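You will see two complexes here that share chain A, one where it goes with chain B and one where it goes with chain C.
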Partner chain A sequence: MVIKKLILFKIIVIIPITFILTGCWDNKELDTISIVTGVGIDATEDEDKIEFILQIERVSQHNTSPLEGANTNDSSIILETEAKGILSAIEKLQKQVTRDLFMHHNQAVIFGKEQAEKGIKPYIDAFLRQQDMRMETLVFVAEGKAKDILHNSMEQDSAFSSGITRMVDATNRYSESYSVRVLDLVSMIIEETTAPTIPIVRLEEHEKELRLLLSGLAIFNDGGLIGQLNEIETRGYTWIMDKFKTTFIEIDIEEGFSNLNISNIKYNLEPEINNENKLIISLEIIGDIVISEIQGFDNMTVKAVTDTLLEEGKKVINREIQTCFNKSKELNADFLRFGEEFHKKFPKQWEEIKNNWNDMYQEVELSTKIELNLIDTGKIVNSLNMKEEN
Partner chain B sequence: MLFSYIMKKIVLWQHYNKEEHHDADYLEKDISMSLAENIEFFRLILGDSNDIKIHEFIFGSNCEFSGVLIYIDGLVDNLEITESILKPIILNKNFEENAIENFTMMNLKKSIICLGDITESSIYSNLFEGCLSGNTILLVDGLSTGLVISTKGWEKRSVTEPQTESVVRGPREGFTEDFRTNTSLIRRRIKSPKLKMENMIIGRKTYTNICIAYIEGVAKPEVLQTLRNRLRAIDVDSIMDSGYIEQYIEDYPFSIFPTIGYSEKPDVIAAKILEGRIAVVVDGSPFVLTVPMLFVESFQSAEDYYVRPIYASLIRLMRFFAYFIAIYAVPGFIALTTFHQELIPTTLLFTVAKAREATPFPAIIEALIMVISFEILREAGLRLPRPVGQAISIVGALIMGDAAVSAGIVGAPMVITVAIGAVSEFIIPDQGDSISILRIIMMFLASALGGFGLSVGFLGVLIHLAILEPFGIPYFASVKFSRDQQDSFVRLPLWVMEDRPKGLSYIDEKRKKTFIPPNGKK
Partner chain C sequence: MKIDKGKISGIQFMFTVACFLQSSSLLTSFFTSITKQDSWIVTILGFIVSIPSLLIYTYIMKIFPDKNLVEVNDIVFGPIIGKLFSIVYLWFFMTLSSLNIKDLGDFVHKTTMQKTPAIIILGIFMLLCAWAVRNGIEVVTRYSMFFTLIAIFIVISTSFLTMNQMKIDNFLPMLNQPRMIYIQGAHIISTIPFGEVMVFLMIHPNLEIEPKQRRKYYTYGFIIGGLTLLTIVIRDTAVLGNTIKIFALPPFETLRLISIYSGLSRIEVLFAVSLIMLMFFKICILYYVTVMSIAYIFNLKSFKSLVISVGIIIIMYSFSIYPSIIVHMNSASKTAPFQWFMFETILPFITIIVAKIRKLPKLKKGMI
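Moving on to the complex of A and B:
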């Protein structure tokens, strides 16, 4: 009996102890972590080193300790250091803060333009390798220095990082070109022929206040940044990559001005190799048009106006696509992922093609076929100064 | 395993300490022929308690007989004794000439006393028992038997709406403390001759009336036999409430889950009897027990069957959901904020982190402060008289909620989480005790092992639940038998539920013979 009681006692004591002693090892209370919300990487004068910037959410309102970085705005703290690698930079920064740096909630990685030109590939590695870095973090290239962007606060969202994610989410409702996440970037990098694209963020001055805006895409090759797409070229890119969900087509001709809303876009991209071994990409876009705005078009019948608008709409889209395609040939960077399309469709021929893709890319032809269907003219049929049809 | 070990130890210990003694042994003897002797014996046993009335009288054509009425004042209906016993006996002068020789109790019982429920007995213990439970004892000099005449009549609470299970729609009657009223309330709902009620008296000092009600052919005989055996085995001097019986007959006294159901509403009990369960009515308790209880029963409310099925199903699902919220809201919050910060949406994390900043304690201590003070407040609110109870709710709402946050003892998100958990608990009153206990266990698991601990805890509870088999019926029967799904997570229309629950019912499985939708279309 005594022995059995002893065993019982032991069981009762040991079970809770195994829980309590083995548990808790990765227990982190919320007040022991610094939530990192943004990461910036800038070039330094030293060729080997980078300037690493962290944006940390300011949790405590009362704490204005000078220890946690001198450069502060309302809601976040900026830390910066120079180091060779990302992890060594984080380790250095860890010594500057009172709490554990918590990377899971990092919203954005921003490369300064200078660093982008030097190359970004080596630094993406750390973001893939580490457990606490997320693949769905957004990636940007800053026009200028990443540090300046992280310092700037937005009007509605005081921290850059939460603002930029909302901004990208908002644009995603129309076009997905501006949302490039670490995972997307990596898949573009590992594809043999594709030139990665990263959206550009830029600061613009508005009455002494700096505003952040997304402007175009940065094109990379293996080495680094090689060019930028402007607004029109970015639209072309978006058409070719099927990233538009809905958009407006602006038509500005002699007769008048109009905005067409295109939605329900159907898209088909077919790579072909013809008899002369020529590479052809045929792109087909079908969309539903709603007339959203009309100015001018005086003394024309409704039928004539709609016909003109559809015709012009096709031209506009075509122009945007061709501009973009020309740019890509000019840079000789296959950021439109045509190489991948051939790879998928003609895996056997691809073995030959890929070796001299750089030369062949210049020969690729793009044929477009655009079809627009007018489904609605909005709440009113005629423009205010259009003739009644009779 | 551990529990059964402890259980075995306790049973053994009780066995060693059991002392053999029987109170009533000395009453198990025949009554005397002499009236004086009998009265003397009654006086000796009952003492000079002033509520015991011993009324001697003489009767017969020439007052040749002497008799005595023994009853307890307050338990009997005085008017009935005067009108139906004393008056007919004393005023009757038409006894036969040779009455003294041939006179038996039968004469009195059959032709003189104007009451229905009379038993004849010659053993003291029966007489005492009858007397003490509100009957009147009639003894006549020279006869070796006495009559126990039912004259029960005492002050009792009327049938009112039950406090614990209020409904918006459906019957509002509730059981009372009176045994007969309770059995009659059941009988009134099930008029079938197959409704059987077996009586039993338990309690060496309290002599509490207990009745098992079931429908023959629907209730499983094995369950019935087990219940009978367990009730018979109860050897205790007092039964104060059906809660006593529950604790003496349950299969798993150390489980935190109740395995015997109870209700205060006759319609609920009747419905359960009709499903094949057995009800146990205990004198003096407005709560009637039902065995066996299934897990899903806690989530079924009487009103589910009185409102239309779609809404009833929604509410049913809501209850299951609320059960999880009640247990896991606080532990989940602890696990998320101390182990899995990466799972919290970023904006929410900022808010929670800002709230944590002002508070000094780790999450588990914070949660314990709130949960324990909530339990204290609830208990205080329950026990206090109504008018003072309001003061408690003010203290609870204002001091605990608001002041604790602004004083920086707990964070606002924690207060919200505890409050959600607490409110959800009230949806499932039957599982209230298991929720409170599980919540605290899970809180410790979450604070030590995070999400992993929660999963371990959840699986542990699930395994435990799956093992339970009260009265041989699996606690999870409604999950086990696909047929019983019709009334577990959702409640199908009544006209679809043709069969009684599979685990419970015996021969008479069908509720109705044919499948007829309400509009008559097949």
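Moving on to the complex of A and C:
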């Protein structure tokens, strides 16, 4: 009996303990937090300070019926303040909201162009150091002000930050150039010769409303933004970095116009140092081609057309790669990570290369070898106006 | 005279050693911050370097099959000097326990519960450990197999889940850093996680297996633990690349990156669960060893009355051991390996040599 009473006593003591003593200090309920989904950093007139913008998702809005046409701008709250550091800004903003700012679900960090020119490196530290910031948060540079971009809403995804992550997810199926996470950025900053790249988001006027789009890449050096890549240069970058999964090659020549779909891309990049101490990068790209669209090419046989198309396709890819490479030489910024290739392949010579990298980069040669194999022509073989083969 | 009459089987012992090593996966940043992409080479080096120490421990186990470290010291060095040696070891065990519980406290504080006072976390945790320790070694080691298998499962499954982010390139350039770095790294890893298995010298009299078999199980356990650690280091390097050197908890960051089409993501809590589980195990062993060495030094009849008070001392010690995490990291990668090296290799080695000179085990066996 005594033992049974003892056991009963223990149970009575233990069960309340599990209710009382579990996670009482750190509890965060959904109704006590403000979920931050986007962070923007803009320059201010004051040299030292930044304008810090937070986007907070409104939780209760989702109950309203979409038919009522809820004001899309209201689906998120924008907070802004000026401060010297990121954490002091968050602390200031905490006083403006009724709930705890919850950073774990932050989707994107956007730097305004002006701030990007001044430099972004000092502000990365906070995103690494704080436990509630995650390394897979995407980083962007805004053409213009970050604030305008965060204020803008998208048609299908009302808030900017959830929209942009979906947008990047969608583009990732074709090319991964537009997805730069904090981790990737830090990795690029750590590499001694690499110039970091960050995708640019831009607002474009579109029938009274502004539409958001990804356009090109921003190139940084130690100080800040030094240049940006346009659409074609970005394609070249994507080829060289092996970030294409599948893409279209547009061929526009005298005989006609065609779109080729390239997939199953095999890639090989080999750094070399030849006898004269010259640095050479040889790039090899092999891909499978499917003809997706043909206009023109009147009175040519299928064989002739496909031969021309493959030949032109190689030229197009080569041109894109060379444009990008020339741009990088023009900026003297090694955003193609060639230096790192030499570092990895030739660790012994690296010390010497590293010290003269700025001069040596101008001398780097890029040789490309592109091979395209036609595997399919789509549902039809001949085009409507092509010559019948006998 | 044995205070704790619990028995451990060979398999249990093997998994105990493995589990003990796996729990060090938290500490990889001590050497990954120094050796960067070559950490996996250093792990293998450290593994090889600690094999001689392993042979020393198993030799002591063989020649004194039913005596624990404190008793061995008494026999080898005589009652007075032996006690001095034992007290030095006691300090070592106690420091290890407090360091580990401090690591756990820091981990919980940094990752999940930022506002909860450390004393609450550590107090509750120690209470659980004390409960296990009071019930003796059999209870402490019973879950080793279960814990080891869960830890291995988590390591393997997360390696698969991060496979899409791994880059072989991240291991290059290989062996391109100053030679001292490899020596330092190998030294750290051979003393901090691997050398700590010397605490089993306090437990081996409870083994149910033949003295000759002990080396086998000990080595197997060591290999399982070492391989798990190696897998973790390789996975982290492949995923994090050159950023591995800046993180205080590389495995945690790696798991945070897992994201399979935004459906399966944010599973770093798996790491937290497995780590707290493994740390519970490691701290139990260290705690038990500390309690037992006190009991043997003072020739007590029972160790149960000591458990709670030693637990309180360990917690208090863990609060005052380092003023800040920077000092902790510095000492872990610079001074601690040398201190531990003395306890883990030099002192046991001296024990063997003195025992050899005095031809002790045979004489003692004849007397009993």
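Definition applied: the second predicted complex is superposed on the first by the 358 of 390 C-alpha atoms of A that agree within 3 Å, B and C clash if a C-alpha of one lies under 4 Å from a C-alpha of the other, contacts with A are read in each partner's own complex, and residues count from 1 in each chain.
Going forward, contacts are C-beta pairs under 8 Å (C-beta built on N, C-alpha and C of every residue); 3 or more make two chains touch, one makes a residue touch a chain.
This one's a predicted model, so the numbers in the text were calculated from it and none came from an experiment.
Legend: residue contacts after superposition of the two complexes on their common chain; A:305 is shown touching neither chain B nor chain C.
Legend: residue contacts after superposition of the two complexes on their common chain; A:136 is shown touching chain C, with no touch to chain B.
In the superposition on chain A, contact is made by A:35 with chain B only, not with chain C. By the document's definition of touching, of the two partners only chain B reaches A:11; chain C does not. By the touch criterion defined above, A:110 reaches neither chain B nor chain C.
Legend: residue contacts after superposition of the two complexes on their common chain; A:26 is shown touching both chain B and chain C. By the touch criterion defined above, A:124 reaches neither chain B nor chain C.
By the document's definition of touching, neither partner reaches A:321: not chain B, not chain C. In the superposition on chain A, the residues of chain A touched by chain B in one structure and by chain C in the other are 23-24, 26, 134.
Within the complex formed with chain A, the residues of chain B that make contact are 2, 5-6, 337-339, 341-342, 346-347, 349-350, 352-354, 356-357, 362-363, 444-445, 447-450, 453.
Interface of chain C with chain A (complex): residues 110-117, 120, 124, 169, 172-174, 176, 240-243, 246, 253, 256-257, 259, 261-262.
Those residues of chain A lying in contact with chain C across their complex are 21, 23-26, 128, 131, 134-136, 169, 183, 186-187, 190-191, 343-345, 347-348, 350.
Every residue of chain A that touches chain B in the complex is listed here, in rising order: 8, 11-12, 19-20, 23-24, 26-31, 33, 35, 37, 57, 59-61, 102, 104-105, 107, 132, 134, 162.
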